[in-house]
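First chain A sits with chain B, and in the next complex the same chain sits with chain C.
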Partner chain A sequence: MEEQLKIDFEKLLEKSNFSKKNVEIKRKNFNNFIEKGFPNKREENWKFSDLNQIISKNIKNLSFYNDLSKPNKIDQSTFIAGLEHNKLIFVNGRIEKIEFDYEEKNNIEILDDLVLEKPNNANNSLLFLNNAFVSKFFKLIVKKNYSLKKPLVIYNITNKDLVSKSINLKFDILLEENSSLKLIEFSNDKSTTNFININYNFDVQKNSILKNYKIDNNSNSNIKYYFNNISQDTNSVSEIFLLSSGSEFIKNEINCNLNGKYSSAFVNGVFLLNGSKHHEIKTNINHLVENTKSYQLIKSVLEDESKAVYQGKIFVDSKAQKTDGYQLSKAILLNDNTEFNAKPELEIYADDVKCSHGSSSGSLNEDSIFYLMSRGLNYKEAKKLLINGFLLDVVEKITDSEIKNLIKNIMSLKQ
Partner chain B sequence: MLKIKNLKADIDSKSILNNFNLEIKPGEVHAIMGPNGSGKSTLSNILSGKKGYKVSGEVLFENKNLFELETEERAHKGIFLAFQYPLEIPGVNTNIFLKTSLNAIRKANGEKELDAIEFLKLVKLKAKNLKFDEEKLNRQLNVGFSGGEKKKNEILQMSILNPKLSILDETDSGLDIDALKTVAAGVNSLRKNDNSFLIITHYQRLLDYIKPDYVHVLMNGKIIKSGGPELALELENKGYENFN
Partner chain C sequence: MREKQIDKLKDYKYGFTTDIENIRAPKGLNKEVIEFISKAKKEPKWMLDWRMKAFERLKNLKEPNWQKPKYPKIDYQDIYYYSAPKSTSEKPKNIDELDPKLLETYKKLGIPLQEQQRLNGIAVDAVFDSVSVATTFKDKLNEVGVIFCSISEAIQKHPELVKKYIGSVIPLTDHYFATLNSAVFTDGSFVYIPPGVRCPMELSTYFRINASQTGQFERTLIIADKGSYVSYLEGCTAPMRDENQLHAANVELIALDDAEIKYSTVQNWYPGDEDGKGGIYNFVTKRGLCKGINSKISWTQVETGSAITWKYPSCILQGDNSIGEFYSIAITNNHQKADTGTKMIHLGKNTKSKIISKGISAGFSDMTYRGLVDISSKAKNSTNYTQCDSLLMGNKCGAHTVPYIKNKNPESNIAHEATTSKISEEQLHYCQQRGLNPEEAVGLIVNGFCKEVLQQLPMEFAVEAQKLVGISLEGSVG
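The block that comes next holds the complex of A and B.
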């Protein structure tokens, strides 16, 4: 693979117009990646999901150069219906459309030629890979005191032309003071066996609100890694909801730094897996100052031989008194061959804090099924109603009612 | 309506019911009284089709072999069990559950399913009769309900589903006297010539409000004595231990 990486990297540099400085940084990142390679289970962070193995098992002849010179057709049928929204549309990793029809143009700004900086998390080889191969680095700025009138949907569409490629995308999103953004990331994949590596960096300034909904629901054979870094200033709120269901493998990593007093972070998610799918959510919520709050709730329904992993960490700095941290994961295993791994971690250096965690997994409660069946529901209906109820409570955490209903529809949940 | 002949039930090779016989005709109310561990709940579980028991003998419901029917098919045919410990089902709205249940049964019997408006009209009326707080119907099924509310909810379900045979498994336990009266009034209002009740209880108390036609004493897995309502009073005076 190393040979291929080198060829593809040189080809990228040759075909692109990167600045000298950018090339220099890219080279550094490239060399770092070559040195470290794809993460494997010997790394603590990856012990439940050996990416190196997963890639070599699922992807034959992975290549890293992706020709972005020609536009791709946008399949409009993949658009979210019944929701007015702004659009950023990527097809096979190429930006095809930027549309902010609902917004005041002077209050948002989009840059697409940012110069890379060194990744701050030097241990993450996938960020090196991303920095080395990303061709355009986007930045969205929401100006002070502006709230987007409609949600922004980032479409990540891949079509059947894309096979065994490594796609790298990178976004910086800055919410200036008193601003707010509802961001839906919506995947729709008809491609096969690609490795998609997406890096988000959110800077949520004073009194701002970020709502981020990540929807991956249609079945596909791609392997995906998302790294989300969130920095929060005083009195800011971040709310993340993940519907992790469609792709063969996904690892969503969320690193959230609560840097400002009274800031709070919410991470809620659902794993809905079947077949041989294997998904992971890894969170690091860092409470770094006084009076911050975090809440995490992850629910899983696993069928066939699927596997889900939740590694949730709450870190409380010695300065971070009055921290309120909570995390809970619950899994329903519908089959003996499914697997759920939970690794809750609390690392606390302050003494006046309120932190709790819990995790449970098991099969559907047979007594509950009997109760429902004694009222005339057959086994299938009883099971469906119980799973519906199990999942509803995490979806109900979504604070935007329009998007909540959209996600309920996508998951075919009934009230 | 219900004929039980020589019913034997084991769980984990422990005998619970043995040589159990009982016949209930349309319109009759039967009470089964017995001490803890006498097999009362096993009987109600077996009649409604709970798995995990090894059973032999014969149970006919309207001349159909009950053992050939799945739990939901028994519900479709008109058997209803009011649970001793109604389950809490998080995330399942009580109204939606009631409507799903009623329509599943109506559909199985070839009747037209009720739409939302028809259903709400029905459920409002029934809830009012039982003094059941309507607002609770919009909550998750039995979640955060008090013991009394859970039992009332069972009787509400019974009145909506209008079964032929209702089995009340210790419905009186955990009820205060006012709730007991309301529940009993609810049961009495459902008594008709063509539907029957099997009331399982420890105490005579409930039978002050629901007058049974027959009382049976269950001990060690079989009925040791049957009689009229006076048997319950005798039992209350003597206690189970001195009854033989």
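The block that comes next holds the complex of A and C.
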């Protein structure tokens, strides 16, 4: 693989015109990645999901260079219906359309010719890979006191032409003071066995609100890694919802630094897996100052031979008194070969805090099924109703009612 | 100067040393030292071969380094691996022949070695530095067929039992410290309870590290045959020294069909002084195997001592319907560090496990609960319940929880809960209003916090443990 990487990297530098500075940074990142390689289970963070093994098992002849010179056709049918929204459309990793029809143009800025920065997580080899191979890196700025009128949807569409490629995308999103953004990240994959590596950096400034919904619902054979870095200033709120269901493998990593007083972070997620799918959510919520709050709720329903992993960590600095941290993960295992692994971790250095976590996993409650069947439902309906209720609990946490209904429809949940 | 020393002694009442001439193996870890140990113990050849195998493997092993408390590199060549009081090289036949100085030491420790203290009803095997010194109540135990002796004696007298079970729970191929122990272990206790026997008294061992620059590597092997029951207590102390001493013991428990083993520890090794100088590194491997159906192993530990505690008493639930339990109180103060917890590995059907862990950290200390619950795909209908609570006193200390939960079986249930809190002002105020001083108030509240675990201890130990909890936290309020 190393040979292939080198050839592809040189090809990328040759075909694109990066600034001198960026070439230098890219080389550095590239060398770091060559040195470390794909993470394997010997790394604590990847203990339950050996990416190196997963990639070599699922992807034959992975190549890292992707020709972005020709435009791709956009399939209109993949758009979310019944919701007015702004669009950023990527097809096979190439930006095809930027459309902010509903917004005041002077309050939004999009930059795409930026100098790369050092990755802020120096041990993460996938960030090195991302920085080395990302072709265009976008930055969206929402100006002071501006709230986007409609949600922004980032479409990540891949079509049949894309096979065994590594796609690297990088976004920076800055919310200036008193601003707000609703961001939906929507994946639609028709491609096979690609490795997709996406890095988000959110800077949420004073009194700003970020709502981020990630939807991956179409069954496909891709391997995906998302790294989301969020830093929050005073009185800011971030809300993340993950629907982790479609791809063969996804790891969603969320690193959230609560840097300002009264800031709060909410992470809610649903794993809905079947077949041989293997998904993971890893969170790092760092409470760094006083009076901050975090809340995490992850629920999983596992069928066939699927596997879900939740690694959640709450860190409380010695300065961060009056922290309120909560974490709960629940899993229902429906088949003999399913597996649920959890590592809910607390690291606490301050005494006046309220931190707790809970985790449970098991089968559906037979008593509840009996109750429903005695009232005339058949076994299948009873099971469906119980799972429906189990998952609805998480979806109800979504604060935007329009998007909540959209997600309910996508998951075909009934009220 | 002297006054200062006396002051120090007040804090850790087991901090005295005893001037007894020691026989030591030459310093360092090599073939000759292992041969020396084996020869000194008059061991048969198979035992020496076994040690050598471990030593060969050790050469290719690396120390683990994933633990939270980091420590300076240990120079394994700078430790005496064998140290025995000279007067016991010819083992005394009865207790009256023991060196009076040794008896004095045990008296200071409050161990009922003397026959007149029979009323206490606890059979004691005392391990001083590396050698087992005396075992009391032999006759009474012999009557029911219980074998309770030092492991060296067992190797000579009951080789078939030792050969069959040693290394069956902690194999030679285990991690670094366990393998190190397999190569150089010096003594420890051996218990065998015959089928259907309920051991008539609590069995107990006291460990003490006396000589400086020595490590203590004892090995304990407890076998409960079909339908038997035993309760075993372990206590530990060491004198105060500036250097760090290593304690790497292995404890293996085997419970056959319908047998039950209850293992309680009150660990009070020297924790180092207020600035974190000196103290014991307690890197112990404890593992129990519920081999038979309906067997049960229960670990109870009160961890108040050691500079660094790094251990995970575990249960392998192999037999169907077997039960594993873990009750723990860990208290760290000053600069102490602990990374402790348990592993429950469910292999058999209908297996149950329960984990109750209470961690209290004060001063500049750091405490981590790390646990594993692993339910394999064959362990149908298994359940686990875990509760770990931490109490923080002050904002210079840390309390961490790192549970690993693996479930591969849809018919099994796992529930895990953890909380972190501090003593509330209301509780303190309430107690003080009723005439308790702040320290007593904290003692009372902490004892209440730990109650679930303290209740699991045998009576005599519970009283001691309760006092220990109070002493360990002295000076942490204010």
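Brief remarks on what is shown
What we mean here is this: the second predicted complex is superposed on the first by the 415 of 415 C-alpha atoms of A that agree within 3 Å, B and C clash if a C-alpha of one lies under 4 Å from a C-alpha of the other, contacts with A are read in each partner's own complex, and residues count from 1 in each chain.
Throughout what follows, contacts are C-beta pairs under 8 Å (C-beta built on N, C-alpha and C of every residue); 3 or more make two chains touch, one makes a residue touch a chain.
Predicted model only: the values in this text are computed from it and were never measured.
If you put the two complexes together on chain A, you find that chain B and chain C both fit without a clash.
Once the two complexes are laid over each other on the shared chain, residue contacts for A:M1 go to neither chain B nor chain C.
When the two complexes are overlaid, the chain among chain B and chain C that reaches more residues of chain A is C. Of the two partner chains placed by superposition, only chain C is touched by A:K354; chain B is not. Contact with neither chain B nor chain C is seen for A:L114 once the two complexes are overlaid on the shared chain.
Of the two partner chains, neither chain B nor chain C is touched by A:I74. By the touch criterion defined above, A:V163 reaches neither chain B nor chain C. By the touch criterion defined above, A:I55 reaches neither chain B nor chain C. Contacts of A:L372 after superposition: chain B is touched, whereas chain C is not reached.
Between chain B and chain C, the smallest C-alpha to C-alpha distance in the superposed model amounts to 15 Å.
Overlap of the chain B and chain C interfaces on chain A comprises no residues.
Across the complex, chain A meets chain B through its residues 365-368, 370-379, 381, 385-386, 388-393, 414-415. Chain contact summary for the complex, chain C toward chain A: residues 66, 377, 390, 392-422. Chain A contributes residues 44, 318, 321, 331, 333-363 to its touches with chain C in the complex. Here chain B touches chain A in the complex through residues 48-51, 70-72, 74-76, 80-81, 83, 86-87, 89-93, 96-97, 100-102, 104-105, 108, 140, 157, 161, going by the rule given at the top.
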